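Two complexes come next, and they have one chain in common, chain A, joined by chain B in the first and chain C in the second.
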Partner chain A sequence: MALLRRLLFRPFRPLVRERRTLPGILSWIGLGTLISFVLIGIFGPLLISVDQTKPLAYPILLSPSLQHVMGTDGIGRDVFARVIWGTRTSLEIMAIGALLALVVGFPLGLLSGFVGGKLDRLFVLVMDSVYAFPGLLLAALIAAVIGKGIFNIGIAITVIYIPLYFRVTRNQTLSTREELYVEAARALGARSRTIMLSYIAYNVVIVIPVIFSLSAADTILTAAGLSYLGLGLEIDVPGDWGRDLSDAQRFLGSGIWWTSLFPGLMIILLTVGLSFLGEGLNDLVNPLLKKERA
Partner chain B sequence: MPKTGSLAAYAVTRLFLSLPMLLILLTIVFVVLRVIPGDPIAALFAGRAPPDVVAATRHQLGLDLPYWQQYINYVAAVLTGNLGTSIGESYHGKSVLFVILDKLPATVELAIGAMIVASIIGIATGVVSGTNRDKPSDVALRLYGTIIFVIPVFWLGQILQLIFAVGLGWFPAQLRFSGLPSPNQITGLYTVDSLLQGRLDLFLVAVQHLVLPSLTLGLVLSGFFTKTVRANLLRTVNADYVEAARARGIPEGRIISRYAFKNALIPVVTVLGLQFAILFAGAVLTERTFSWDGMGMLLLKSIDSADYPMVQGVIVIYALIIVALSVVIDVINGLIDPRVRY
Partner chain C sequence: MTGPATVVKAEPTDEILRLDDLKVHFPVKMPFVQRLLQRGETVVHAVDGVSFGIRPGEILGLVGESGCGKSTVGRACVRLVKPTAGRIFFDGQDITKLGGEKLRALRRRIQIIFQDPHASLNPAMTIGKAIGHPLRIHSSVFGPQKTGSEEFGEWIRQKVLNAMKEVGLTPEEQLYDKYPGDLSGGQKQRAVMARALILEPNLLVVDEGVSMLDMSVRAKVLELMLDLKRRHKLTYLFITHDLATAKFICDKIAIMYLGRIVEIGPAREIYADPKHPYTKALLQVIPIPDPDRRAKKVLPRGEVPDAVHPPAGCRFHPRCPAVLASCGWEARDFVDFLDEHLSDPKRAGDDETILGPIEDWRAKGLVASLETNPLKVRKAVERTNAVLVEAPVAMKQAVESVSSQNRTVIVRFRSHHQLLQSNVQGRVVECLLYQ
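What follows is the complex of A and B.
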């Protein structure tokens, strides 16, 4: 249990230690954005009635006003309400997609890097092949076969991010394996399991928040993309940024901008926040960059 | 067998090494379409067809055979270029390969346009950023690189349509061609075909339609170039041979353009290979935004009309293109940097 707690808190130590550097500030901005979105996702739907997100709730295509700050869309739904409910939907898919990829990719990478040999080469070949293939296409194919829905889309997206977790974890494991302290532990007679979990995993886990943030940003984009292509969620989901953008397409020609602008801005705010967090953390934990800064 | 260390030997080796990757990709497509739980035929029909039609379709496509037999049939079919015939409404009975080859040029044209935009904008911003380290222009361009990369490509397309097509009316918002009869099919790339026929008027129409989609996809891809060029330029501007050039009194502008820039581009080509995955995924979305009648639209239409052989065919062709491009990029890399050859 103590080990698990150490593994969980370890990645966040540099965030506190270097909060005054530029990467530190970027990370905090990103973390702040993520937390705000999580709060919106949890409390927003409690404050805004789901009825406003349904068709024919209001007159269609009202431009933004005090009653409807973001206007209404082509079938009479309040854009603001859709955008707020969409936050919850996106975060749910992100949580499923990125967490499942972590749960599968991290142990595989650790094992592959630690054991090495034929198993490692096979894993690397398969993972690299998946990684080279356009993620959205693979997710679209999986979604078309297993069907729509938040959980199914989460699964379809997981498959394309497992290679990312695998790759980074494996490379980090390979370099950590050669460290003197691992050698020393081995010489003292520590068991393989102990070495892998307390020595290697403890030092590899530091890269996880970096990949999590970057893949989470990508997850949001891919999920929105799938919905935009009509392969994402069921039509009755109360908020779905990708589908809202798809619905907005028909009215662009008449100069209706609000149904397109606002859902897109939400996607960008969230993904930019996540990439600030990811890139800031990357600068903090990457020792090579750190040396350059000093 | 060509001499070891020669470019030809490297190309041949690289080609053979790509075979496992191709086989793995084909296997993944097979697993997704046939082995994972869920019935693709039923899912594609989505309850729009009675059970006996679903069963008959499955039998007709050989999907009721044991997996090993299906796998052998499938790999053999792909390797002989026989991707089957369409069962969808629009292309019923037509050869899948034939339909795909008809749509492929549109996607290629879009991809080339986007790559041109991405390299011009990305390299320019990367050089400015890298030569002004930590100055405001560098910070601004680094922010650009981060932000543009996570903007949804379809949203950017819609905003550009609102501004340049609806608002200003400079470019058409939809389709590959309109107004005049499209150029005769030679290569399938409208810009090239119109020039081959010496029709400048058709060429202008084709380019006008190409501008917004290429700009949309190219802008999103450019952020990656900005970052990579900047990072590599920072490494090369302080290299010993650049210091030596500086010591000889060569002007700074010339040092950047002749010494640092060239070497900074080598790693850019290497990572370019990874960008094709993003390029093709982005192209599917961009095609939808601009009603651009390419492979992406074909895939969506096939999923929509339960055209199983076509869906499989399109994905297999994407896999072939990705593998082929990775080989080409590596060979180009060997061409410009002799150190990477085996």
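What follows is the complex of A and C.
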């Protein structure tokens, strides 16, 4: 457990150490955005009744007012309530998608890179063929097969990102494996398992938050895209930014902007925040990798 | 053609480490197509028949130029590379093929310290944790304590703090939780030493252990090594390319050249009176002829390095200032010489038109040959003889004949004497001058 705890904290050391640099600030802004969304996603639905997200709860297409700060949509749902509930939906998909990809991709990449040989070649082949597929198409295909629902969409998206985790982890493992401190550990009598976990995994895990943030941003967009195409969630999900945006589209021509603006804004804010975090961490981690090795 | 032979045989002694005709060959990495075309195996003869012994408490210095195979010997001793042939004994036990748990147990008794202390430390591990890690790795031998238990953790912590104090890594409480990146080079090397010593090994292989340190720090770390040796009854295999360092610390010296030991004996005597021409050259009694020429031949890894085809006979013969006719002259020495001759326009004259281009020459073992046209062949033989006049005397004497056959010029060398090791004034030298 101590090992797991240290594995989890290791990637965030640079965030603390380099907080005053530009990438550090960028990462903190991104992290702040992410945390705000998480708080909204957790507490928002507790404060706002799910009834407001149902059709015909209110008159249709009311413009924003004190009663409905973001107005109501084409079938009489409160846009604000939809947006808040949609945050929870998006975060759930993101958590399932990115976490599952991490949980599968990271250990496989580590093992593949460390063990090498036939196993490695097999894994690489499988992952490359998955990777070669266009992401949205693959997710749509899987969603069509296993059906709708938050969990299923999460899984469909996972499949796209597993190869990403796998590749980055494997490459990092391959270069770490050649480090002198790994040879030194072997000379100390460390078993392969110890070497893999205590010496290699630690130094590989540092790249994970970068992929996590970047792929999470992508996950949000892919999920929205699926919903937009009508392949996403069931119709009765209390909040679905992608579908709401898609539904709102036909009202745009008649000057009804609020039904599109708010879900769209949420998507943009969250993805930009995650990208800030990902790019910032990337800038922090790469020089760190160099410095630690220099 | 006979290769150098080894006469010094392993016999049961009080030695703690004994290498018996150790060979380590690495396969050369080359593109697939080339590998198909090449017949036979192509290997780097990194270590090619090395024998020596170290008695408990001794410091044996392994000295030689870059790429001569010092590190490979050291790595083989701790079983980080697999010996191709020969045997390694530790404390009387044959460890050449040890594996699994037995190898792990051995690693408590032989430790290695690498040149680069920074690269030797896991950047993600605090200093204290790194130094204590060997104890966790071998936790099963330190009694029934459970690896995770508080008691065991505290015991390790105390041992680590003591070790840190002993190697002068102070203030130890503060440095305990620092990361390698926060320490200076000297401090890192002390940490590496503490880590190596915490298992209380008997033999320490130090591979260029101080080469990367500043002069001022270097002396201190060397003093520390001597001090630790006395206190822990350590034995060192001390690898270095720096003769001054070796002189300061070593009891015995082994001089290595291209995978072989050319001279080995008590340090004081070798420094006072080197016998092998290479040792003399190293100690700058005699300057190495034209070292630049050689330097250019040190190819980067990946290309075929020199040790793939080591010179016949005595490996030092192409550079040896005292070389004899019987030292191992062979066809490619002649081609090399001719190449040099032809590339100097002043000396070459019109030789290029008759004997060139150099790529047309074939060198195979003792026979160098050039296929030319029947009209030119006599002239070519004449010119070859003329060029040979300018060759080093020993090479000239080693040429058996220059002849022609149809349209081919043939330069044939005599086969060389077998190279043996001889005892010369308390040391072992591998050189025909002493045979």
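Basically, the second predicted complex is superposed on the first by the 287 of 294 C-alpha atoms of A that agree within 3 Å, B and C clash if a C-alpha of one lies under 4 Å from a C-alpha of the other, contacts with A are read in each partner's own complex, and residues count from 1 in each chain.
Quick note on the criterion: a contact is a pair of C-beta atoms (placed from the backbone, for glycine too) under 8 Å apart; a residue touches a chain by one contact, two chains touch by 3 or more.
Computed from a predicted structure; not experimentally measured.
Novice: A:F12 contacts which: chain B (first), chain C (second), both, neither?
Specialist: Neither partner.
Novice: Of chain B and chain C, which one touches more residues of chain A?
Specialist: Ranking chain B and chain C by residues of chain A touched puts B first.
Novice: A:S260 contacts which: chain B (first), chain C (second), both, neither?
Specialist: After superposition on chain A, A:S260 lies in contact with chain B alone.
Novice: Does chain B (first) or chain C (second) touch A:A187, or do both, or does neither?
Specialist: Touch status of A:A187: second partner only.
Novice: Tell me the contact category for A:N203 with respect to chain B and chain C: first, second, both or neither.
Specialist: Second partner only.
Novice: So in the superposed three-chain picture, is A:E179 touching just chain B, just chain C, both, or none of them (first/second/both/neither)?
Specialist: second
Novice: When the two structures are overlaid on chain A, which partner does A:F251 contact: first (chain B), second (chain C), both, or neither?
Specialist: Once the two structures are laid over each other on A, A:F251 reaches no partner at all.
Novice: Where does A:W28 make contact in the superposed view: on chain B (first), on chain C (second), on both, or on neither?
Specialist: neither
Novice: Of all the chain A residues, which ones make contact with chain B and with chain C?
Specialist: In chain A, no position sits in both the chain B and chain C interfaces.
Novice: Chain C touches which residues of chain A in the complex?
Specialist: For this pair, the touching residues of chain A are 2, 10, 179-181, 183-191, 194, 198-199, 202-203, 206, 291-294.
Novice: Within their complex, state which residues of chain B touch chain A.
Specialist: Those in contact with chain A are residues 20-21, 24-25, 28-29, 32-33, 36-38, 40, 43-44, 146-147, 149-152, 154-155, 158-159, 161-162, 166-167, 173, 274, 277-278, 280-281, 284-285, 288-289, 299-300, 303-304, 311, 315, 318-319, 322-323, 326.
Novice: Within their complex, state which residues of chain A touch chain B.
Specialist: Contacts found on chain A: 125-126, 128-138, 140-142, 144-147, 217, 221, 224-225, 228-231, 245, 248-249, 252-255, 257, 260-261, 263-264, 267-268, 271-272, 274-276, 279.
Novice: Flag every residue of chain C that touches chain A in the complex, lowest number first.
Specialist: 78, 80, 103-105, 107-108, 111-112, 114, 116, 118-125, 133-134, 137-138, 148, 180-181, 192, 195, 199
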